[in-house]
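Just below is one structure, and these are the notes that go with it.
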């Protein structure tokens, strides 16, 4: 079966399994007091071209929730798009872990927060007024939930707005590697050099079994992150198994290679689908997502044929490729769309 | 180096690594909508001799915090020993995830809650009085934090007290397999048949890389658990890797065999240490823990010699064995104690 | 100075001051175990034509936050307008007291939630899906934040939608008396008979020094309210002073008479302002609020002249009348507008 | 009926009622933007001999909870006696408003925290260890819950311990005026000069209808207090009625005179009771509380005779006097005890 439901349906690459085996060779102290975890910190510091402070956590929701609890006071507000994962898909984790902060959502064409819209929204948020949740942070997702990316210039412009108003900046990097691959830039350029304070660095959708890292560029904040992570139940006792995956992911640029593959697969598949007049692709395909519409009957036919895709109701479909989406799977998917659409033509 | 610091320092057994490999063969739907997760639920239902509802989570703190949030209202109170892990070692996770419940602690000789003390404490807790946190639940740890176990009769007596007062019952089973091994009873006998409502079923200290399971015996509560777990950032997207470890752990009674080994190692080591007059063993060694005191200088010598143990200050030491604590390690540890104590004699 | 900034700027009527004096005659047991509090419950039960359960609290935010904590689980969502006081003006109290619930906001022409929009929004909210905050409650404000009211039919239609989806219904009645006065209906008709589960019954904006009441129509929920209120710091120890004001407010229909006066003043003032072509009144003036725009220069002139009004930026102004807004004040206000606008004409 | 159940059963003195009348003469801006609130801040700054920052709130639980939320992080711990009001009588408000902090309780002979015990407890609290709630604050109640006071030297010694460990200091001054009256010292000496960071200044048990003030000696913390208070539903919209009571309370030293009367009444009553051999007074009577034991039958007889006292089970009784406890009431109470005890003698 061809599974394009999401990138987290894929197996993990051999390098990751080998890293787990390797980490299992010896005993190691728990909760991160082990050598592998030191190596992970060192590896990420190398990758980010400066000392970074890493808190590995098990899930993307954990990474984002921990990050928001660091950046946003209980009586604070965070500004994000109305399609932000923290708003639509984490069951209120941000509200919970911050102690009741408010997510102020803004419309986001193609999934991207606009600089002017952000500036305007913060300006109207009632800073200093006691009846309003106080503007504390912005959260931007790169690559976005709609499969696009923010350019370096766009990130820098947004963080400049945040700074001007005294806000901090979170980047939800659930698909950070995909954004890197698309932009061809360095992790440093896309984060701290562009004004990002805390990064949710996604590993699981790229390669790992269940590892994300909250990356802080400030030691004091990282110290707080460590306390909070433990209290939140996010700190693996056998941390070495998480850390080993981080090391393996960034070693030899594995994560970027996997992301390049995933992005290329989406691009190729989008080209195949775009050829069909019944298919409308909704957003620029810049990473590994394709949002499209087909006639409702075609969507139903696709599901019936057993192609695993994200059906969002009606004729709206989300497709996500991964590092293991092969050319054969792409061909199979295109063929499935052709057959499904053909059915509707006959009708 | 001989590492007896805790059971979570040990590697995972081959069966677990093979299960991870196996789970990695194919693509699978995320967040538990996969076959392996169905198998884990089925396997645990078999083990518990009835349908149980399983929510896999990454850590013991996560399991306990989720459990407490199910059993204890924000304005509730949970009764536990003053050495309960939820009170001493989870950085306030219970207070956080419940929305501010209070842990009422009771003295616990050898780590066990007393039936009369519990009855008395609940009776004085001010049920119905609006200025008091309302008694909602009890939490008992089996095997206990001090290396003892509650007998079936003891568990039943405690849950009867809880029931009589209208409270629910949580069992912290971080070392549940060790308790099973010690008591020689069935999982069913030790939990639902004895009146337990929710079990934190520990896998990591027994065998897994980072998997615990919240086991509910009530479907409605489990439904709530699923919602809460997702919101809490506890739900693995690649759940299959967690579920595969659950299946492997209980298959062919692996978990019990590992626990038997760990318990036996502690017993043997305790026998070796007990022979030295300078060593005082503090609690009955019923699972895989040894609490002991030695002269302070001996404790320092031990640490200097590189034996990894839990030093609790002064001459107080905690030793924890695991499935991979070999006879050779036991001999080595005894020898290290002998040398360290000899040093103090010379002094 | 003419103060039309809000209705909470007004003094309290003589009846209230006399009630305070009366309550001060004797000693009384604390936290509501006094006769006056019994009388308040009886008086409101009479007013609502059935037994109601009353939890007096000090502020409107307290009333709403307590109500929401009763109706909405931590992982729940409440549906409200985008101008709902709970969303715009309580600094995230709902998010905090619920333990992190989400407020889903809907556009609201003239401040009123639309039945179809509500139905649609709940339908798309992902009931049962674990990555979504679960739809739990709706909150409607009557009279609304924009000075309009929901008719009985409108309330009933909205609560029917809520019921059909299994949601509960909160009414923010900060200006409940104004709505009653406008609609000419009974408190029972506007609440439980129309499907409301919990009412934030506003007293302070109508008459009291600082008293609101959370009115439950269900005893079990009220019991929980009592526990929560105490824990939230909302329960007056000298409750008799709050309860006495509740009794005095509803006695001889005082609250309705005060609301009739306030509404009539707004209506008269709106008529006076409507005559000026530079004034645009934005919403139907159905209770004691007037939202209007004037040329920006006129707005600034008004403020400079010392008329106390709510300036919302640019030329947008909110005027709120109260029971003590006299005809003389209305004339004075109209005159102030005339002068301010005249200034701009000269320019 | 003689009511010695608590000090909050008393009426408020004439000066307070007159202040309410006076505050009601004019319109005033809401939420503290009124002249009376400015006067309250000025009056307290005079009283405390420096600029202080005042946040009026409705209840003692509100004052303490707000204070703790300022001083204690969500993952923090506060050290207090095991009879501290924040621990025993506020239904978990501290746990809730801090976002899940832990109250570490210490035994307290006569209600007072010991310097050495505190030092020791903080030392063992695991500062910097991620599995422990982090020591953040101490909370001391003066006058204590058991009717004693801390001397200036005792307060200073405790705050020195807190400082040395980097903790902040809260004083629960629910009966602050009683302590002042007893110690004959100034408010400044008992608070900021002795190292207190935030004071819950009780007014209600002394004189007011329902007003307490969180007094900060640091402007930045006070700004946070203002935001939190609004969000917590603690900020009166008609603040002038609260502020007027604060002004009246401290004017002409009213609060101290009332406290002197209350303390004297307790002292006199204690003398009367001490004369009976069946009465054992449990703690030094230093403010307006008497804790005593009588034979159980006598306690029951007392309740049956209609004397309102706090019955704590068995023969344990708490008596609290107030400013309006007259000599006649004292005589009546002594007489009631004599009769009740006489009954038991006959038996």
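Going by the order they are written in, the chains are A, B, C and D; count residues from 1 in each one.
Criterion: a residue touches a chain if its C-beta (ideal position, glycine included) is under 8 Å from a C-beta of that chain, and two chains touch if they have at least 3 such contacts.
Just so it is clear, the structure is predicted and the values come from calculations on it, not from any experiment.
Enquirer: Under the touch criterion given at the top, what is the topological distance in steps from chain A to chain D?
Expert: Minimal hop count between chain A and chain D: 1.
Enquirer: Quick check: more C-beta contact pairs at B-D or at B-C?
Expert: The greater number of contacts lies at B-D.
Enquirer: Measuring between Cα centroids, which chain is at the maximum distance from chain C?
Expert: Between chain C and the rest, the longest centre separation is with B.
Enquirer: How big is the gap, in whole Å, between where the Cα atoms of chain C centre and where those of chain D centre?
Expert: 34
Enquirer: Indicate the whole-number Å distance between the mean C-alpha point of chain B and the mean C-alpha point of chain D.
Expert: It comes to 42 Å between the two C-alpha centres.
Enquirer: Could you work out how far the Cα centre of chain B sits from that of chain C, in whole Å?
Expert: Distance between chain centres: 51 Å.
Enquirer: Can you list the residues of chain D that touch 2 or more other chains?
Expert: 74-75, 90-93, 96-97, 99-100, 130-131, 133-134, 227, 230-231, 235
Enquirer: Of all residues in chain D, which touch chain B in the complex?
Expert: Listed in rising order, the residues of chain D that touch chain B are 74-75, 77, 88-93, 95-97, 99-102, 130-134.
Enquirer: Which bits of chain C are touching chain D when the two form their complex?
Expert: Against chain D, the touching part of chain C is residues 1, 3, 5-6, 8-12, 17, 20-21, 24-30, 57-66, 90-93, 96-97, 204-205, 209-210, 227, 230-238, 241-242, 308, 324.
Enquirer: Could you list, by residue number, the parts of chain C that touch chain B in their complex?
Expert: Residues 31, 74-75, 99-100, 130-131, 133-134, 226-231, 235.
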